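You will see subunit A twice below: alongside subunit B first, and alongside subunit C after that.
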Partner chain A sequence: MAACTNRLDKFILSMRLLRNQQLQNERFLSTSVCRPAPEKDSDPPKFTPPPKPVIIDKSKTIILRKFLSPEFIPPRQRTDPFKFYLERKDMILRRKVLKIPEFYVGSILAVNMADPNASGKTNRFVGICIQRGGKGLGATFILRNVINNQGVEMCYEQYSPLIQSVEVLKLEKRLDDNLMYLRDAMPEYSTVDPNMKPETFSTSGEVPVNKIKVRMRPKPWLKRWERPKFNIQGIRFDLRLTPQQMEGAQKRAEPWREYDMMKEYDTSVLEEQIFSEVQSEMSK
Partner chain B sequence: MCFLSADPELVVMTFPHLSRSLTGLIAGSAPVFHHRAFSVTAVAAAIQKMTRVRVVDNSSLGNTPHHRPPRVIHVYTKNGVGKVGDTVLLAIKGQKKKALIVGHKMPGDRMTPRFDSNNVVLIENNGNPTGTRIKVPIPTHLRKLEGDYSKVLAIACSFV
Partner chain C sequence: MAAWSVRCLLQRGTRLVSLRGAAAESPLQLVGCIRTVKTTTWFEEHLTEDNQEYMRKTMAEEYRKQTAEKLNPLKDEPWPRQEWAEGSRRVGLVAVKLGMAPIWTKTGERHVVTMLQVQDCHVIKHLSKEEHDGNTAALVVGGKNVSPFHRSEEQMEMFRNAGVPPKQKVTIFNVTDNAIIKPGTPLYAAHFRPGQFVDISAKSIGKGFQGVMKRWGFKGQPATHGQTKTHRRPGASGPGGDPAKVFKGKKMPGKMGNVYVTAFGLKIWRVNTKYNVLYVNGSVPGHKNCLLKVRDTILPTRSSTLINPPFPTYFTEEEGDLDEDLYDGNLFAHTEPSLTLT
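After this line comes the complex of A and B, so read on.
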């Protein structure tokens, strides 16, 4: 008799637990549309089927990469923004004639320049971009290559009328914004084949970052690249410097500089405006 | 005092121009032979008196090794600074020789190449080159020296 009631109790308990489980599950995943309780006197509401879910297939939609050339962003100065607006207009006029592609420091470019002294009147130079400097119409980029064991660098003005075409043979970024340390690196890192074929790259998605760490020539270097002022990520310091030297270089670190409010220059809003302006002007 | 106990490698690295002289003096260290025969200054400047230059043609005078690198002893310009296309007087292997500058480390005008070494081509007094070929690329704006140094341009292999 006692055993019977025991078992019954257990059964009731388990049923209660199951029901609770069920209720709990239903509470978290309610697949049914929440309907208000029907009013006592009205008819039960008409069955409305749930709206069809809109499936956005992200893999099919192509979002073009937003790129604003760095020379469009004006420096922080006490000049009238109108001056930069006029300069941008001139830059866009030139860009309509000469297509200046999207490129970064570390990409391999080929530039055809009009040269009265060269045979065939055009001069072609292929090299890796080591620096992009200047703002506005005076924007420059430096290409470096090693030809016949001689390192050569050419500084081109982007908006110069002498330039006939700029092609990107390989689009990629590097770990640093400035590759001037390639002058002190082994020559194989600066050598670019002048007859290189252009590689295709996608216009959407992230730009590939080349995480190469370059080997350097023995010291002395042109600059003390190990110092934190240059903040270089792309050199293999462990091959040329002892840990004591690295520590000694860290003595020159100025960790308070990142908190300097006077040096803050937030360009995000300005970039958006200028980007939309440039886009609309270029499409006209 | 601290220098005597310091690591010879470190001392040599901080004083690169002593790399050849001090190595024997530091007690207990074997002579360290460095990759470069001389130290290179950080400042890139155009060519002036006492600059060490690199002879880029295939003349025997320019290519035979000597214990001293060729140095400029006079620059034939109004100021003593030599740029691409200027003549200089070199001291090579104990003799004086004229040369033409074909590239320097100092950045010049935009659209002109900047070389990683100060390049020079040996020349006779009448402007004829001593060597027969220049393998290193030459800047194209040298072509305006068509009259004087046309023979130098003729022996050049590649232009930049």
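After this line comes the complex of A and C, so read on.
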């Protein structure tokens, strides 16, 4: 340590000496030689101002929304990740042919499908997406609509070759991930105009959340939607249930479930890896 | 076996604690451990930690070299190849069950397939007619490399003679004399082609001790209407006073599953030659990541597709220009445009 400091001192001294030498030389030169003489190399360089700072206005840059379709994320199983990789390759090949857009539960979609029994051999269905299920190539989504006072639900497989096009007419999210309760809600909440025109939506920023609270038909319902297991935010329970019934439903709450460590499944690292892989493959 | 392993863990725990002082094990420390199985030893028992690591590394390198040597079987003086004749049986493969996925045909019908990956499949030994059973020759095939440290010496001798790393599953395939292959040859998924039919044998998932309703599909008894403690019981066990006995083979509760089951006549829809994956129709016995025995069908109605198969097996050198993915004629490949039914 002492040796280092010694050497350092010597170094600094030597630097100072050199600098002093240089300055002295310059002084001599500047007084002895009369101006102007800028062509000589021994002159000090001309003053160059520093380069102008480039100001990046972060509020004006457009950052595209990062979206990874939920069927790419593999479930927590004992399967070899290689099997998911093979499935992903097939999914990407199919996605290059059929454009499956970004959509969420609650968005309004229109699907054109090949049908041997339909006139013109294709049929078109417009509806609100109530559920996205399945992982990998077997991923499905269910569209619901009310046609001639009859509620109709169509379950489509995203990667089926019979599907010719999927368009998003209105992109929005809802307060829940699963809108199965629309079967027990008033029909106007499930009615979508089949001739609706697509609305434009931005590719950056947050997806609009529709905070609508749906009115329900009188009980009995298909499921007891008030129970905490379903965790539904988008129903107006106060119109159909008394406070005593709501309290009775809360008896079935299982508050220890959120602390269950065996059920923890952190997909953040996996999601990033898969997202970068899918992005690079799609851009090829 | 379980008790032995438990004792083993305890012993390892004590030994590791003592080794932290960076000294070799002293005989005094081993006196305190209880050793019940005195016949077998594990490879680390009398080695220091450095030697253990060295053993692991050298073994891994050796096996990598062995697999690299065997990648070109045709340059390695193969046995003389003969032509395929009517009635000849060729060798099968050992594969790993990966999982299941949906597929679609060109008419839009949806089927399910099981994906099987052929990992490190090698021919290990040839048993001639006399050695095997007097009727047909046989080839011993193994799949999926494992560590040599938990295999017995007799098994290791067999693998060493073939020049192949030790395998997890070793099976015997009955083979006609014109289809024998030199031991050490690697076998690939392209041995099978799309459109062929295969039989797959594997150990079914073990369910443990099960009652008669699950094991044999008995109807049981009603849940209500006065049944006293009898809802899932077998009921009667035979005719009555005339035989005055219970016949042998009577269906009763017992251990279910974990037996070899064969699924016959499964169609191969797709073969991935790059990763050695077979896409086989329907479901297959066994759990995920289990090892299966795959061979050509014995069903007479499905054997017509076996005309001109790769005989005796697929060699990369002579047929190396296969596409990465081989599809069956009816299968919809995802690179094609969406179907328009006319």
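As a convention for this text, the second predicted complex is superposed on the first by the 230 of 284 C-alpha atoms of A that agree within 3 Å, B and C clash if a C-alpha of one lies under 4 Å from a C-alpha of the other, contacts with A are read in each partner's own complex, and residues count from 1 in each chain.
Following the convention adopted for this analysis, contacts are C-beta pairs under 8 Å (C-beta built on N, C-alpha and C of every residue); 3 or more make two chains touch, one makes a residue touch a chain.
From a predicted model like this one, the values you see are computed outputs, not experimental measurements.
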Applying the touch criterion given at the start, work out whether A:Phe82 contacts subunit B, subunit C, both or neither, answering first, second, both or neither. second
In the superposed arrangement, does A:Asn148 touch subunit B (first), subunit C (second), both or neither? first
For A:Asp184, decide between first (touching subunit B), second (touching subunit C), both and neither. neither
A:Asp115 contacts which: subunit B (first), subunit C (second), both, neither? both
Using the superposition on chain A described above, determine whether A:Lys219 touches subunit B (first), subunit C (second), both, or neither. first
Just checking: does A:Glu157 make contact with subunit B only, subunit C only, both, or neither of them? Give me first, second, both or neither. both
Contacts for A:Leu98 in the overlay, against subunit B (first) and subunit C (second): which applies, first, second, both or neither? second
Tell me the contact category for A:Phe125 with respect to subunit B and subunit C: first, second, both or neither. first
Residue overlap on subunit A between the subunit B interface and the subunit C interface 115, 157, 160, 162
Subunit A residues touching subunit B - in the complex, by the definition given at the top: 113, 115, 117-119, 123, 125, 140, 147-157, 160, 162, 183, 217-220, 222-223, 242, 244-245
Which of the residues in subunit A end up touching subunit C in this complex? 77-80, 82-83, 86-87, 90-91, 93-94, 97-98, 114-116, 121-122, 136-138, 157, 159-164
Would you pull the subunit B residues touching subunit A in the complex into a rising list? 10, 13, 16, 34-36, 39-40, 42, 44, 56, 103, 107, 110-117, 119, 135-137, 140-144, 157-160
Of all residues in subunit C, those that touch subunit A in their complex: 96, 98-99, 101-102, 104, 108, 110, 115, 117, 272, 275, 277, 288-289, 332-342
